[in-house]
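Working notes for the structure below.
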Amino acid sequence: MLGYRVVKRQEPLEWGSFFIFLLALAFSLSVSGLLLAIQGKPFAEGILILWRGGFGSFVALEDTLLKSIPIFLCSLGVAVAFRMQVWNIGAEGQFALGAVGATWAVMTFGGLPGWLLMPVMFLCAALAGAAWGLIPAVLRLRFGLNEIISTLMFNYIGILLLQYLVFGSWKDPTSFGFPMTPIFPDGAIIGRLFGRIHWGLVVCVGVAVLLGVFLRRTRLGFELLAGGENPRAARYARMPYDFLVLLVMGLCGALAGWAGCIETSATLNRLQPSIMVGYGYTAIVVAWLSRLRISSIAFFAFLLAGLRVGVENLQLDLQVPAAFGGIIEGLILLSVLAGQFFDSYALRRRGGDA
Amino acid sequence: MTIEMVIPVLAAAVQCGTPILYATLGEMLTERAGVLNLGVEGMMIIGTFTAFLALHLTGDPWIAVVVAALCGGALGLVHGIVCLVFQGNQVVSGLALTIFGVGLADYLGTPFVGTVTTGFTPFSLPVLGDIPVLGEVFFRHDALVNLSYVLPPLFWLFLARTRWGLALRATGEHPAAAAAAGINPVLVRWAALFAGGALVGIGGAYLSLAYTHLWTNNMTAGRGWIAVALVIFAFWRPGRAVLGAYLFGGVMAFQLRLQAMGASVPSSLLLMLPYALTIGVLLFSSARGKGRGAPAALGVNIEPKD
Amino acid sequence: MRRIIVLLAAMLVLSGLAGCGDDKKPAQEAPKQEAPKQEAKAEQPAAKAGEDKKLQIGLVYISPVGDAGWSYSHDQGRKALEEAGGVTTSYVESVPEGPDSERVILNMARKGYDIIFTTSFGYMDPTIKVASQYPDITFLHCSGYKTAPNVSNYFGRMYQARYLTGMVAGAMTKNNILGYVGAFPIPEVIRGINAFTLGARAVNPNAQVRVVWTKTWYDPATEKEAAKSLLDVGADVIAQHQDSPGPQEAAQERGVYSVGYHTDMSAFAPKAHLTSAVWNWKDFYLDVVKQVRAGTWKSGSYWPGIESGVVDIAPYGEMVPQDVRARVDAAKADIKSGKLKVFTGPVKDQKGAVRVAEGAVPTDQDLLGMTWFVEGVIGTTE
């Protein structure tokens, strides 16, 4: 059709992927700008505000960096899972469970000194998040239950569980009945590193390094990377496919759980339902955009965090509804998906040689 | 629970289940052709909003239904562009579509929150509505519910007895063989995406045209995802979809009525019921036969040929 | 090649630093551990520049403005400010509570707004945090309980209006079952339910109130279904503590009565709507601006009642008979004058225990922390 035919490439294109992303970004911003115009808002100014709001000043960059911390952690986990073709969309629920786990640790061991309490919190958050990821994994392995649905349902259940605890036994007695836990003791609050950035950043860097080493340098990690390419072949080769699935889901849950722990501790200093803002879903976008590579995850997590922060400025300056961010995110992902076509296929003129 | 409560709960189950039924049938149509479209939640809420807007602008609920169907179908086509043309990963594309669709509906719809309209209202069908128990449960609802009753049998007829239905099923099971038999599988998938999306859009429209006459952000509240799950529960067959949809509607309606009757179970736990139930029914279906009935080519893109 | 592109992109992003930023005062953003406590009188640049300076006012809303409910009523207040002139106003709607809200409030503060209203409970901690960094800005937080030298909290004694609407409902019910669709079991909602019940039972001692929690502030479908479930157990008046008119619709469809909330909801259910418990922030907001301009604004906890006009009941529907109207109007006058206090004892809880002794009146603290239901309410506070 159209005088071209489609030919599958021998080798997938590598360097073009970032170029494709830029094109996709430009496309999404254009469409979004059009949408702005539909509501009577100035197109170019809107995009400018978006950019400056996320990246245009030192303060904005701080905001963006802060926001990218939980997104980064969730995306790491999701990316590892996706590599194995395990479609974990439960990062949101695992995030919630991590927050719950960390809060439980605080409420049970609150008297411990900071250097002891903090690791306990992280441990509990990881365990809780991992458990929340493992259950759907088990259901998939034992009963063939589609993990897309199960992780999604567990999102809703996880959030309701958080609500149940915060409205019930964990409620702060001095909060006049409002759903929030008591303020965390100082030992449970993650401290500041510089400016407004807290130690969560260090956790991110550490996790990234460790994960990178694990995936590239250990046999298990290698199997993980390879197992996703072809699960059936992996099974025949007697690689422990089931174990890998469990590992991956547990890992994803733990990472998302840490994101939840960090947000609860550093940002809110207590547990409230309002901690859920959809990082788990943004993580999916980031994971895919980065083609599941750790270095790219950092970049895209930062970018999408900046997008969210920028959208808030749009809200303030132009009264744009908050949902605008979702439009851009969705569009970027859709256009990147479309653009990735050109990594695997090339267009050749019809009638000529292949 | 007294006998007097059972009938209203069943009636409510039908009403609550109707949007889910439309969405489930729509997604089922698409999946039978081999395309996994996880964008149901996005398509549904776009249907909800566009129907509301169309009703607001024209005052005619049936036009609103058509508009919602067209918009839902259009979003389905977007999924088609990404997956059928550009060979995009079907799972991720669907998720992206949901994120986009929900965002778009919220964005366009924010100025319209709080607008008043009248849409479909319940009425009693002439003879059927007077039947003692069944009448109240099934035949005293609004036009869209009544329309939804004819859909499952039509669906079955289409799939089992028509040439196009056969083409659809063949595409979903083995596109290469279908192509060899003279069917164009890509075209079939396009059609299925559009038609499926249209049905999902109508399901969404139900929420703002009949179930309530209001619009707000996030109005679908996860119903689209439940529809995706129900397709699996229904083993990709319309009959069980009806069962599943009404079961869900029933659970949603039931937990509220439990509260009204004075039960002392914390409501957060009651609210978990629909989602826990989804997992429960899926486990039950899986136990009966792992992935039985899934179209063989589901989720697999058709590679472009010269 | 790829790495070069990535590097270029990274530099692009960092170059944003050099870009035209609104704010080049990183020092101001450094967290102040000990915020210097300013005097209660906010220093007003307006006073120095003369009365002509336009005050910049920002409002943060939890839900869309058009919701005909909570945010809508606050926005009506904002519009009144705009009409009165001398100010520029701006708002951000649908701001989720939590870290995002802190950023929104911070943004407004950085842009140099003079007065910032944060209109949801969950904005409390972020408001206090930002306020400590910007002592020159006046903050008002709605429905919370914390204050600071430049932060007031404010709310309205909605329970008084609820009591009155309860009286109307109690008088109009035929089978003595009133349904209440509630969002979350937090004190303000519980207090409203209790006041409603007390009012209903004042005119109709046999009335009972059944409560269903929707666990959402704004979801018309769920709210309507909740109302229906109450109608199914026999309620013939539906009241709500929700932001959407969903329950009103349900009542109208079944041909029974309803009581609205936030605003006059009669447009949504003309045949069913008896009255509403409404907010009216106009005068309160105008007052605040006046005080800030004059330099007389003081931090505090403000909880005005019916006498101030912040809470009221909507005009009666046609179906409310004269004698009921007269009785309720009389009660309203009594509350206004202070003669009638809604929670005057004896008040028993659901189990029959006496919570407020005969003749006693609970303190504001007790009211603010109310987590139990009065006798006559059927439902749980979980």
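Going in written order, the chains are labelled A, B and C, and every chain counts its residues from 1.
Here is the rule we use: a residue touches a chain if its C-beta (ideal position, glycine included) is under 8 Å from a C-beta of that chain, and two chains touch if they have at least 3 such contacts.
Note that the structure is a prediction, hence the values are computed from the model and not measured.
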Fewest hops from chain B to chain C - one hop per pair of touching chains: 1
Of all chains, the one whose CA centroid lies most distant from that of chain A is C
Between chain B and chain C, what distance separates the C-alpha centroids? Give it in angstrom. 36
How many angstrom lie between the CA centroids of chain A and chain C, rounded to a whole number? 34
Approximate Å spacing (C-alpha centroids) for the pair chain A, chain B: 28
Listed in rising order, chain B residues that touch 2 or more other chains are 110-111, 217, 266, 268, 271
Residues of chain C whose C-beta touches two or more other chains: 64, 93-94, 215, 382
In chain A, what residues contact two or more other chains? 163, 167-168, 321-323
Interface with chain A, chain B side, in the complex: residues 38, 42, 78, 81-82, 85-89, 91-93, 95-108, 110-111, 217, 222, 225, 228-229, 232, 266, 268-269, 271-272, 275-276, 278-279, 282-283, 286-287, 290-291, 303-304, 306
Chain B contact footprint on chain A (complex, rising order): 5-8, 35, 38-39, 87, 89, 139, 143-146, 148-150, 152-154, 156-157, 160-161, 163-164, 167-168, 281, 284-285, 288, 320-331, 333-334, 337-341, 344-345
Name, in rising order, each residue of chain C that touches chain B in their complex. 64-68, 72, 93-94, 179, 210-215, 218-222, 224-226, 228-230, 232-233, 235, 244-246, 249, 253, 267-268, 378-380, 382
Seen from chain A, its contact residues with chain C in the complex are 14-15, 17-19, 22, 51-52, 55-63, 66-67, 163, 167-168, 176-179, 192, 195-196, 263, 267-270, 272-275, 277, 299, 302-303, 309, 312-313, 315-316, 319, 321-323
Interfacial residue positions of chain B with respect to chain C in the complex: 5, 8-9, 12, 16, 110-116, 121-122, 207, 211-219, 221, 252-253, 256-257, 259-268, 271
